[in-house]
Amino acid sequence: MPQTPRLDALVRDIAERMAAAEERGRVATYIPELACIDPARFGISVCLADGRRISAGDATRPFSIQSVSKVFALAVALGRIGDGLWRRCGREPSSNAFNSVVDLELEGGKPRNPFVNAGAIVVTDAILAGRTPKEALAEMLGFVRAAAGDDDIYMDAGLARSENLTGHRNWSLAHFLKSTDNLLHDCELTLGTYFHQCAIEMSCEQLARAGRFLAGLRAEDDLISRRNVRSINALMMTCGHYDGSGAFAYRVGLPGKSGVGGGIMAVVPGVASIAVWSPGLDRYGNSLLGTQALEALSEGMGWSVFNVG
Amino acid sequence: MPQTPRLDALVRDIAERMAAAEERGRVATYIPELACIDPARFGISVCLADGRRISAGDATRPFSIQSVSKVFALAVALGRIGDGLWRRCGREPSSNAFNSVVDLELEGGKPRNPFVNAGAIVVTDAILAGRTPKEALAEMLGFVRAAAGDDDIYMDAGLARSENLTGHRNWSLAHFLKSTDNLLHDCELTLGTYFHQCAIEMSCEQLARAGRFLAGLRAEDDLISRRNVRSINALMMTCGHYDGSGAFAYRVGLPGKSGVGGGIMAVVPGVASIAVWSPGLDRYGNSLLGTQALEALSEGMGWSVFNVG
Amino acid sequence: MPQTPRLDALVRDIAERMAAAEERGRVATYIPELACIDPARFGISVCLADGRRISAGDATRPFSIQSVSKVFALAVALGRIGDGLWRRCGREPSSNAFNSVVDLELEGGKPRNPFVNAGAIVVTDAILAGRTPKEALAEMLGFVRAAAGDDDIYMDAGLARSENLTGHRNWSLAHFLKSTDNLLHDCELTLGTYFHQCAIEMSCEQLARAGRFLAGLRAEDDLISRRNVRSINALMMTCGHYDGSGAFAYRVGLPGKSGVGGGIMAVVPGVASIAVWSPGLDRYGNSLLGTQALEALSEGMGWSVFNVG
Amino acid sequence: MPQTPRLDALVRDIAERMAAAEERGRVATYIPELACIDPARFGISVCLADGRRISAGDATRPFSIQSVSKVFALAVALGRIGDGLWRRCGREPSSNAFNSVVDLELEGGKPRNPFVNAGAIVVTDAILAGRTPKEALAEMLGFVRAAAGDDDIYMDAGLARSENLTGHRNWSLAHFLKSTDNLLHDCELTLGTYFHQCAIEMSCEQLARAGRFLAGLRAEDDLISRRNVRSINALMMTCGHYDGSGAFAYRVGLPGKSGVGGGIMAVVPGVASIAVWSPGLDRYGNSLLGTQALEALSEGMGWSVFNVG
């Protein structure tokens, strides 16, 4: 891995520039607990194939991973029920916002993909599979900890409870799914599980480590099949940033998934796993500086999967 | 390139299986000239970094490349006017069909991306730039010939004239664009150029060679910048197969562009340029067997950009 | 009113033809309690300006008025808060189904009109106005009884409870409204009230009498202002039959409101108030035979407001 | 007709208030010839059953009736081919703008109703029926002249030619219709006819007289059947003011049709035919002051068909 010296300097430089950036986006306000996060935060962490880790900024400070959790949930669900999942959920990008109900109605209750909220709720419902939310959440948290190789990862139950009370758009989506028989459990069960899963807290260092299985960096990797790795990476590329997915592919060129907490997990297949965090969002709900940082990193290292050398 | 022996056998095997396939999709009927193409045709050609070429089936028989031409047009346009193009055209996937007017109206006349028909018409309009259609077409054809290293490539003027008379959906799109001031020239000029560009005829061998600049296979490559290569590959990945782009990324994992004539051009960055052809289409307008062939090839060679080894 | 002899015969004839009709539509199945209503039922009742009443068929058998209740709720709400209601709800027809979420998302949480479900939920929310559901329901039921001059009208609490558990599309709409701050109360309060209001049971005779205030047939009428009568009639004409409102206006030419229980209330301004009931619905959710009966009645009597003699 | 003295004063009063109004809406600019009309103009004319006519303001000055012509075209088409027309065109209001393509695509090329542009183009196409545009236009102009009892009515051929060159949204609609086989003639023929029909010029006095057949004011009326009168009135009520039709029904309560030239024709069935004109439009493309004038007139005279006395 001869580029690590250069990578070191690049990561430091990016962190410095992002810390100093003036235009930082807008912190999500619709989840009250997230609204009071300091927008000045920025963290980045990169795991390489040789096991080295390069971090900078607020890389060890935990944040709410929110929709990044959809990637881990999808990994668990594909492991459990395989391609049968696609009978209940599509694999196509959406032109509408992450919390849109429009697609759902137009397509008879089948979400466009597993990374819009409606799709992720279906994925969580598939993981539940008759078990208690506690059991399903234990499996998901266990998966994340195993992926990160770190048991010091928890859910913010208070945030989950708050979302349960105020997350009306997600309740709207869940009841719509239920009305079309695309939810096996009561809305309360599935959504209760979903809100907890979104409330997992991780630092950039933990998240970058947890993403290694998608980059093929774990020699021992038996978490999920290589085929499922490929599938998840493809979905992150085409759908991982909602209706800003095309621009992310264009600018960064890596499979990645954003969360409304300001985190983004991205992978360079075979080469690196990356996590960035900055709470201010762009108009699609993706971290503004996080995206800029990934763009600079991908450009500087020639890491885009669309690169030709 | 140690895998070429294996590749040789794989390509032959794929061609045999595709020739024998029973379910072959439906040949496009809305362009009368295309409706009478023999659905039994199947061709495949692969160009590798070391200059080797492996072909099978009807690989030397010319077909109408139709929307595959949008890739070459985009390359020419980006070279001419660069990122200014994105003021007139988006870079996001569309949930609607390739010839949809809905997105155009919802977004005030700005096409979702350069690979839906509306976007491609804008790209052609940008290439015209005050010149005559003849001059613009000469530039585009020159680009394709240079890319393929083959001057024996022509446009089917009869097909273009037929499209001019019967391609009412494209006329509808062009007049809509004109009504929102997103067309610099008369509809007749821009659309006349567009229909001719779509009527370029190439064989799989020619098309695979013409795609080499997107895979970085030409040592001498000065056709377009590396940055534009990356951009075009990203757009092919997220938008290259219309509202079936997500499934293509999931199954094949390569940047690619399909045409209603049954051709698909795909690239493995740094490794290979591929062309397949089979006239029967799936419900999104992409070659049914062409997609299956690329899926088998990508799977067999581990060529998906989302692969981790 | 010289036409009453003719009216008598016409009503009897219509009832006979409707009782014998073979194609009767499909009884709504999404509300379990309604699914087991006998589709052979047909009732009709007409109140005239001179106080006479002409009925035929199952005119005294109570049925669930469901969405016809939206008319009474709107009358109460307009009386309470007047035109301020239109800040929260539009007055335009919708191209989408009665339970659609699409319009709601496209218009930022403002329902198209008070007769689609989303709009009716907002109207009920406006009637609640800080009171308990019991108080609001007492007011609505009181209004209906006063309008009908009949205290023997009740709500089916069992049906309301059932809807509360299974009416997921309405829950989806309520939570969507809540997410856009267009619901003043908790979803549980507003929707609990709404489901009870929809579960009012009336016979055709009661419903026809209850509609007299919209036809100006009550000498003593102080239920609502003449201006509000006009407003409600206009809304029934343009929006009273969901996405089948245009066809109803075309065929029947009278302000009317349908319910998924198979009832329709219609008025001939200054002349008559009409109720019909037949449980089988057309594809828009309106009573198939009820509409045919009104068409025959309006045609036979020359009652369309669009008639020129 | 005892109310005529009161009507006289009311019409004069309305004309005075409208002439003095400050907020006058915006004159349509997308048709260059209309953009230079003086926004200070206001005219009104009312025809009564007893043959009396009451006018005020610019009631004798001709203006371009534009979409008001769709009413006369529909009358001609219904007379020619009857209900068969509804196989090609719906009868439901649209949530979208008068020149929208969205509905057309969603409904496979069948316009929502005959008063949105797409529907009116289909109606014109049905009138053509293999004849030359000249013959079809002669029939339409003949119908209008017969309805008005006035041969001094002409088309502005210059305006029609201008629209032919610049009316790209209508060209977009026509080609879309052609692509779905819902246009029998070449776009050039149908649209050429349509643009001429829209370019008919009439004064308020002429237009009010021409509307008498829809109000049943002509003793000798054999222009169209009573059934077709009723049908056209119903469609004007639900669809006559585009996506502002609901508000027009609510405020005015009369069947009416607006044109982008600022004219509105409205009828009080059995009582009166009305024309108003003021060039400034509201955001739906309907005359701002024209609508206000009709609201005041309907309110003052108790003319709403939804009125109960």
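Order of writing sets the chain letters: A, B, C and D. Residues in each chain are counted from 1.
The rule is short, and it goes like this: a residue touches a chain if its C-beta (ideal position, glycine included) is under 8 Å from a C-beta of that chain, and two chains touch if they have at least 3 such contacts.
For reference, the UniProt names are A, B, C, D = Glutaminase.
Note that the structure is a prediction, hence the values are computed from the model and not measured.
At the interface between subunit A and subunit B, over half of the residue numbers appear on both sides, which makes the contact a same-residue one.
Each chain's centre was taken as the mean of its CA atoms, and the one lying most distant from subunit B is C. Centre-to-centre, using mean CA coordinates, subunit B is 47 Å away from subunit D. The centroid of the Cα atoms in subunit C and the matching centroid in subunit D are 32 Å apart.
Centre-to-centre, using mean CA coordinates, subunit A is 55 Å away from subunit D.
Counting partner chains per residue, subunit B has no residue touching two or more of them. By the contact rule set out at the top, the touching chain pairs are A-B, A-C, B-D, C-D.
Subunit D contributes residues 90-96, 103, 112-113, 214-216, 226, 229-231, 233-235, 237-239, 243-247, 249-250, 253, 255, 269-270, 304-309 to its touches with subunit C in the complex. Per the touch definition, subunit A reaches subunit C in the complex via residues 100-102, 104-106, 168-169, 171-176, 178-179, 187.
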